[in-house]
Amino acid sequence: MTNTKLIVSHAPFWHNGDSLFQQNLNFFIALLPAALFGIFHFGAPALGVLALATSSAMLWEVIMSVLSKKKMAIADMDSAIIGLLFGMMVPATMPWWVVITGTFIAVVLGKFVFGGTGANPFHPTLVGIAILTMSWPAFLDFDTAYVSYQFDFTALAPLAALKAQGTYALASFSNYDLLMGNEVGGIGSTFGLGIIIGGIYLILKGYARWEIVASFIAGVLITATLFFVLHPDTYAPPLFHLLSGYTLIGAFFLAVENSSSPVNRIPMLIYGFLGGLMIILVRNIGIYPDGTVLAILLINLVNPLIDTIRPKALGKGVPNA
Amino acid sequence: MGDLFVLAISCIFINNILLAQFLGNCPFLGTSKKMETAVGMAMAVIFVLVMAGMITWIVDLYLLKALNVEFLRTVSFILVIASLVQFVEMFLKKSIPGLYAGLGIFLPLITTNCAVMGVCLINIKEEYTFIQALVSSFAYAVGFGLALILFAGVRERVILARVPKALQDTSIGLITAGMIALVFTVFRGMV
Amino acid sequence: MIKRSFFALSKPRLTYDLLDTSLPSAEELAIPGTLTLLLPEKIDRAKKALIGPGDAVKKGQKLKLYDDSAPYVLSPAAGTIKEFDSYADDFGSTATYITIKPDPSAKDDDQWAQTNLEQTLEFAADYLGHIPGALPVSTLTNPNYDIRTIVVTGADTDILCDTCQFVCTAYAGLMVAGAKILKAMTRADRMCITVPEKLSAQVNLDGFNVLKTSDTYPSNLPAMIMKDHFGKALSPGTLPEEEGVCFIRPEALVSLARTYETGHAVFDKIITLIDKGGQRHRVKATIGTPISKILSCFNVQINEQDRVIIGGPMRGFATYTVHHPVVPDMDTLMVQDSDVIPEISDNACVNCGECVRVCPANVPVNLLVRYLEANLYEEAADRFDLESCIECGLCGYVCRAGIPLYQYIRLGKHELLTLRENA
Amino acid sequence: MAQSLVKEFTKGLWAEIPLFRLVLGLCPALAVTKTCENGIGMGMATTFVLLFSNILVSMLRNIIPSKVRIACYIVIIATFVTIVEFVMQAYTYELFLKLGIFIPLIVVNCVVLGRAEAFAGKNTVMLSAADGLGMGIGFTLALSSLGAVRELIGAGTLTVWGGTPLFTIGHGYIPFQFMVEAPGAFVGLGMMLCLMNLIGKK
Amino acid sequence: MREMLSMIVVLTVLTAVSGGLLAAVKVKTEPRIEEQVLKFQKAPAIKAIFADATNDPIKERFNVKAEDTELQVFPSTLADGIKAVAFEAKGTGFGGPIGLMVGVNLDTDEIIAVRVTTHAETPGIGSRAKEDLSFVGQFAGMSMASNFGTKGQGGDIDAMSGATVTSVGVSQAAVAAQNLYKKLKPEIVKQMN
Amino acid sequence: MIPAILLMLGIGATCGIVLSLSSKIFYVYEDPRIAQVENNLAGANCGGCGYAGCSAAAEAVVAGKEPPTVCIINSKEGVEAVSRIMGVDAGAAEAPLSYNLCEGGNRAENKYHYMGVSSCKAMTAVFGGHRVCTVGCIGLGDCVKACQFDALHMGPDGYPVVDDAKCVGCGACQKACPKDIIQVKTLSEKLMEFNQEHGALAPCSQTCPAEINIPKYISEIKAGKYDEAVQTIRMRNPLLLSCGRVCPHPCEDMCRRGIEDEPVSINQLKRFVADYEMNSGSRIPITCAPDTGKKVAVIGGGPAGLSCAYFLRRIGHQVDIFDAMPKLGGIIRYGIPEYRLPKKVLDWEIQGILDLGINAFTQVKFGVDFGLSSLIASGYHAIFMGIGAWNDYALGIEGEDLDGCYKGIDWLSRFAGGQEMKLGKTAAIVGGGNSAIDCVRTLKRLGLEKVYIVYRRTRNEMPANEVEIVASEHEGIDFVFLAAPTRVIGDENGKVKGLEYLQMELGEPDASGRRRPVPIEGSETVLDVDMVISAISQAPDPSFKDTDPTPKIKDLELTRWNTIDNNPETLQSSIPYIFTGGDSATGPSLVVTAIGGGRRAARSIDLFLKGKPVEPVENSLQGKNIPESIFKKVDGITPIKRAKMPEIPVSERLDSMIEVDLVLPEDQALAEADRCLNCCRICYNPDTEFPIAK
């Protein structure tokens, strides 16, 4: 009996069985509808981009873990989700080397240098997209990306069209088309319905916080409505903003990323609302057609500040007897 | 009034002194490790920058331009700023020790803060009126403080994260700052 | 183990177990060949110890290390001291273990026969500090506390445990008697008892103020009782004692009553064993019995990498040796098979916020743990409410990254105390 | 003497190279290093100021009262900065245009004032000159290497002097423009610091 | 007291010496600087405007003056014998003043071409004003009397997308040029002859 | 030009006036050290230190919140200047380094599987950590994480290894270690460290009178790091060449391998590395702490004096050695014959010590050529007396002064000193100690026909080293046991012609456990010899007390054995500034004991010189054993023969005085080092029955 070594650990001795892998697996499941639609919609190249993005992101994670002699965290699938999200936000025609560079930036510069999962102050995928947009905007231009495709709908990126042509461009986009993915855009970001279904699944599973999603969407709608009501002929209607571009994928999958979003209720509401507000500000008065990426990065940036708003801890403020 | 507001917004966000103009980066990295110091530094910069902006504007108009010796701008400005900072430091220490404890210790950092000198020079270069100079000084300083405080918020977390050894401290601080600069491009074109 | 529900939008809900009525009484265990007593005092090699190997001890004899030391244990049986040595306990505190070889032929000691059983606190402090149920005499006699309310934890504080409930139902009469004695001893004017609100067993509790507690963990923890029933949220770092409330086990009252009834010290402790299959066994064992005896009594096989937990699954502690003795405050013994032991990781916090939302004390655990990991205890206490933690362990239970959050917090509190003592 | 001169000179080149080891002088480092050429120009201007201000400060170190020390140092530095400004305008005007506001801001470069305070104010003229020159050259090296990296990645060229690229990466290269933008400056410098950490001090 | 005195004296002497020294350097370098400014800032713009100049406008530059306004003018005779002048006007952009060299056909008062000389605009955005000829090209052929405001301000100039401020700066400069031209044209014509 | 000058004049004057006035008006007192410290910081106000500017950092330094090294860009000189301002004494300017006491690591036994926070601190909170041994390094690397300078990393064996080149001695690791295993000490502190309770001490180290870290140097030999092994020995023992030859190695008696197998040849290994250094042709550099400006006189250049001088010098004191003999070395030069310790080796070793900057004055006798007062007058702050024990005890029998009668040490030293000695043909040496053996073996080599050892007990009781006895048996020495000399018989010329002795038998054991010899009445026997050397024991020569004119010397108390009375822990004598060690304090004893005494005295002298109370080492464990290290059984050991010391064949060695014992060849040394069990680097399961304990 003396040689039987027991396990000694600290309470609690139970765990609810939740894990990072579970979380990411659920993210994966939730992303599937939109991703599958993207593959169906944009064909084999889309599948290639998604597969390459996911696998290269995981590969970068492996390479960096080996280089820095850190524990391999690939089994968590964290990088896979980063890569998949990256793939879903880019056009299906993106050259392979741009995808690999993008996932490198996302995984390494977005996450790894900050100390890995949980430490990234910004959403890694968005860091990748933002830096790529700054460097090689041509590869992320949806209008040129799909020139060789034949679509039975207006093959214009709705937001770019809005920016370039003003409100009369809106006529070519119906809300139903936008919702059903009849638009050009990122592989997985066009199918609004799929994103909404996946997102709701994620919320129900408890892996995305509904407060953020709801307030984000509210931010978009309220701000867009304000603009629209004031100048209906200059600005697009709120639903258009909600259903076009990255708005939905941003609301359901990007803004809710754990380590760059708040955990307390009021900050979550502020965070989401601010994100929605910024998107509309950028779209309506800024220079970028779709401000989702930078808007979410901006709320990521203010997250540490607003997340200090939290309920009083037990006994705080009670005079010490 | 509207113009001044636009000027202020552009100075705070779009032309942010730290992230777009690269001025004042040494204290930006040095004092952003803790939120407390960041807030203190931000306040001190606002205070000094407004003072310096006013004084140098006056010096420029009534001395340099009047005597047609604009080429002495650098020397005279920096001397005025350095003396001002030192004076304010001594004054606070003696007269308002409470404030000194909060702000004063940051004052020496400001002498070599290129943000102050830079803004003073920008004010002259842009040929701002006195009011404009005042607003721009204040707005630039607020922009400095805003960036510093946002940065400190992120950095407080980054410092505690398991950053790879070679990247720790300044290195990751710079990368984080780069990300913030990236984020600040969101304001482009908004005015 | 309770798993995360499929749709986990709301907080997880852990409920207390109600009394397992299938076990009407406790099985009695004979006095084993060796008894081990744990004495919470460090051995000072420079001083001459009062006890030594080979010394004969009587049943009920008070064993102390040195003349001037306060802690003592009572020998549960007559016999001889085999040895004593130091034992590293939790959080760096060093204790001493004393092993006694009981001599079955020896007569009961005369020490207790001669002792005049007074119903005073001084007497309790001198002789009753080691009775089953661990009467908190040091708290009761502490001049800094003005204990006016005594709360009997009729509802067990940890989930899965039902020893206290069992004692309340099985020994209600003795409890009432014990409560009277205790009331006579102390200045307490209020005697409360917590009872699970859904407990169906009817208990006759005369003279007690009954506090019905909800079945959601951690509502039976002292801090929660203070908040829910006395309306006093303890300010960070304070104990219920400082508010004049003392929490005691029902078994302490029972032992008290029995001591005064019989005139002899009592040493049999009621313990609930929860085996690997979750099956409960109730046993009455002499204090000092190695738990291996209890385990073998119920044929619990201990293999490599199993876990033996003293206390419940949320707040107990895992021992490294099956030779750990039965001690006066050991209510529950739980054995986990190596297969069901959840992995613990050294991942960094992923900031999912589950812990924050589940925390009954609103502690920002996600940030706190970063500071604790970096050993910034002062900051953790100042900015992130380290001391507000009521130590329920829920944060560790829900942690998605598998971080031992509760351990970090306990350690942080401990280090903070050390820091403050040194300052 | 000669040995210590060499020591003071060489420490600025590697062991205490201002930008990478001491992390001083960030503003010009970030702002002007879009091209290698700018880095070299800025570095040379700073070197000039460093060298002469160090010499002068060290010459006057016994005369200057400590209370107005900073003011005096700053006047000395500012004088040389203005001279550099004139000279650059007169002889390397294009470069002057690129470096813009950052030339007068050499005056508040922590490296310059820092060396005046930390070294020249306490050491002999020769040593201070060696220190200033070493630090200046080290600063130039750091700026130009950062500039080279940023320019190569961000523009696909390498310009050392005179505005025409010395070298252009192959035709198919699409410049990674991030590196020449403001965020790229921070990230690039951060990465270079990381590289320096990896290489180690020796 | 001694200490105070020494503080004052040292600082004063130092600053005075500095002032003197700088003044001396300034005097020495001034002509050369002026030459450089011409060579690097204005010459390329002038060359671009008067691509087919038969003379050397820079060498023949002269100053004109009316009331308190003084202007440096670069006269040119184009290949087709048209007399033209170029001069610089300033507007305020995003990062500071924008210099705009305007070449005007003296006979028709039509703009031959304009070029941005100096600016401190954001690279890649505002800086396009200098490189992007389609923007400054709008001015070519416009009459000096037309409205140089941007379309946003109700004028005739299409702003560069995403660089509104810079565009406005350029148009401001153009308006400034308009005013200068209006004021100084008689003088210029006088001097040209 | 003029406006420019005027303008700058104006601005300068304004600023100057404003500043000077405000410096008067707004004058606030502050600790002058703040300004001084600030002057010595880099002054760039860079904020890199985390403080707002240099003045804030200076305030933090003065307030004691930060070390003088706070400024990240400060030069070394600047740091030193700041340290000086802060009154950190010169001793601390010596760079402290971190080092690890426990080298058990993964080799240690665990008591449980740990699951939880991966830090030593957290694990220690759970039943004191998973190691069975109480000292044991937990090995989760809190210290490695605490190190800001990348100077610590986890070694392959699971305990931290310090990179001396990177360590700055900040002490962060020490603070981080919950078990006090990693410590930050200066070289001086390390040199002056004694075996204390918290050390991970093997039984051999505990037994060694010089407290050498034996397992460490053996493992270094095993790893082929001979230089480091030499350094390790030198931390405790400067005379490793001599000790490697003459030490009777009590450590080997405690060797745990001896339980199941033969003990490790510890001393052979020491000799191996010592010879390795000597034969390598260059000395391994020895570092000394910066000068402290204190002067110490060491009287007597024997092992105790040399050891004391060596350690005092290394911790920065100035030392002069005074010796009455023409050359340094004392008893190991004059009492140990050439064939055991060649003078060449000794010279090389002593030169190495003197090369540290120690002055030696030879042929000056304390009390005669100089005295206490002259030493004080020459500015010595403390005195170490290691004058040895040179007075042989007389046999106290009739005829002892006959021609041909000698005294052991006297004879040996005169012989070693090169004096022409009259030799007989046969000799009887009275005594059973090492010096008796030295005498007989020397005489044998000098060609005597018959040499007897006359000893009053039996061979088993002989105090001489076993190897020595065996060697002399090989060399054909005759032993006369149980013989008490009663009379030296002389011839008519007053020359020795025989030694009469009484035969003895062994009686009851006495207090020391040895059976007391009891004479057998009427058993007188005469041994025909023409030389009698009595080598029974020696005592110090107390004559300096009479010859030294300083009255103070009379205060120096002696014991009844004429040894200098001292506090056995601190070695301080009755005169506070006189310390003593070696044979003069203990009576005749081992060389290694004298060396240990010299180091102990050096520690006390250091304390005395620094004005600190001269107190014994706290929790000293010298000579005591950690209970769990004295395990009684060792499992799984395959007996491997202990390396046999190579010797010169008897036939060859008797013709000359050449060294008899040879050094182990490298492969054998490595094999021998491999036999070491690494006690206390592996924590064995203790024999305690109840596993709750450990």
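Think of it as A, B, C, D, E and F in the order they're written, each chain with its own count starting at 1.
Heads up, the rule we're going with is that contacts are C-beta pairs under 8 Å (C-beta built on N, C-alpha and C of every residue); 3 or more make two chains touch, one makes a residue touch a chain.
A quick map from chain label to UniProt name: A = RnfABCDGE type electron transport complex subunit D; B = Ion-translocating oxidoreductase complex subunit A; C = 4Fe-4S dicluster domain-containing protein; D = Ion-translocating oxidoreductase complex subunit E; E = Ion-translocating oxidoreductase complex subunit G; F = Ion-translocating oxidoreductase complex subunit B.
Quick caveat, the model's predicted, so the values are computed rather than measured.
Hopping across touching chains, the smallest step count from subunit A to subunit B is 1.
Two chain pairs, B-D and A-D, are compared here, and B-D has more C-beta pairs in contact (counted per touch definition above). Comparing the centres of all chains, each the average of its CA atoms, the largest separation from subunit B belongs to F.
Remark: subunit C and subunit E have CA centroids separated by 86 Å (rounded to whole angstrom).
Between subunit E and subunit F, the centres computed from C-alpha atoms are 86 Å apart. The mean-CA centres of subunit D and subunit F are about 55 angstrom from one another, to the nearest whole unit. Distance from the subunit C centre to the subunit D centre is 66 Å, each centre being the mean of its Cα atoms.
Shown for subunit A are the residues that touch two or more other chains, namely 5-10, 109, 115-116, 118-119, 131, 134, 287.
Residue positions of subunit E touching 2 or more other chains, listed in rising order: 3, 7, 10-11, 14-15, 18-19, 22-23, 26, 125, 162.
Touching two or more other chains at once are residues 4, 6-8, 11-12, 15-16, 19-20, 23, 44-46, 48, 111-113, 115-117, 122, 126-127, 691 of subunit F.
Subunit D meets subunit E in the complex at residues 34, 60, 63-65, 67-68, 71-72, 75-76, 78-79, 82-83, 86-87, 89-91, 93-94, 97, 100-101, 177, 180-181. Against subunit E, in their complex, subunit F makes its touches with residues 1, 4-9, 11-13, 15-17, 19-21, 23-24.
Per the touch definition, subunit A reaches subunit F in the complex via residues 2, 5-10. Of all residues in subunit E, those touching subunit B in their complex are 15, 18-19, 22-23, 26, 92, 94-97, 122, 125, 162-165. On subunit B, the positions that touch subunit D within their shared complex are 19-26, 28-29, 71-75, 78-79, 82-83, 86, 111-114, 116-118, 121-122, 125, 165-168, 170-175, 177-182, 185.
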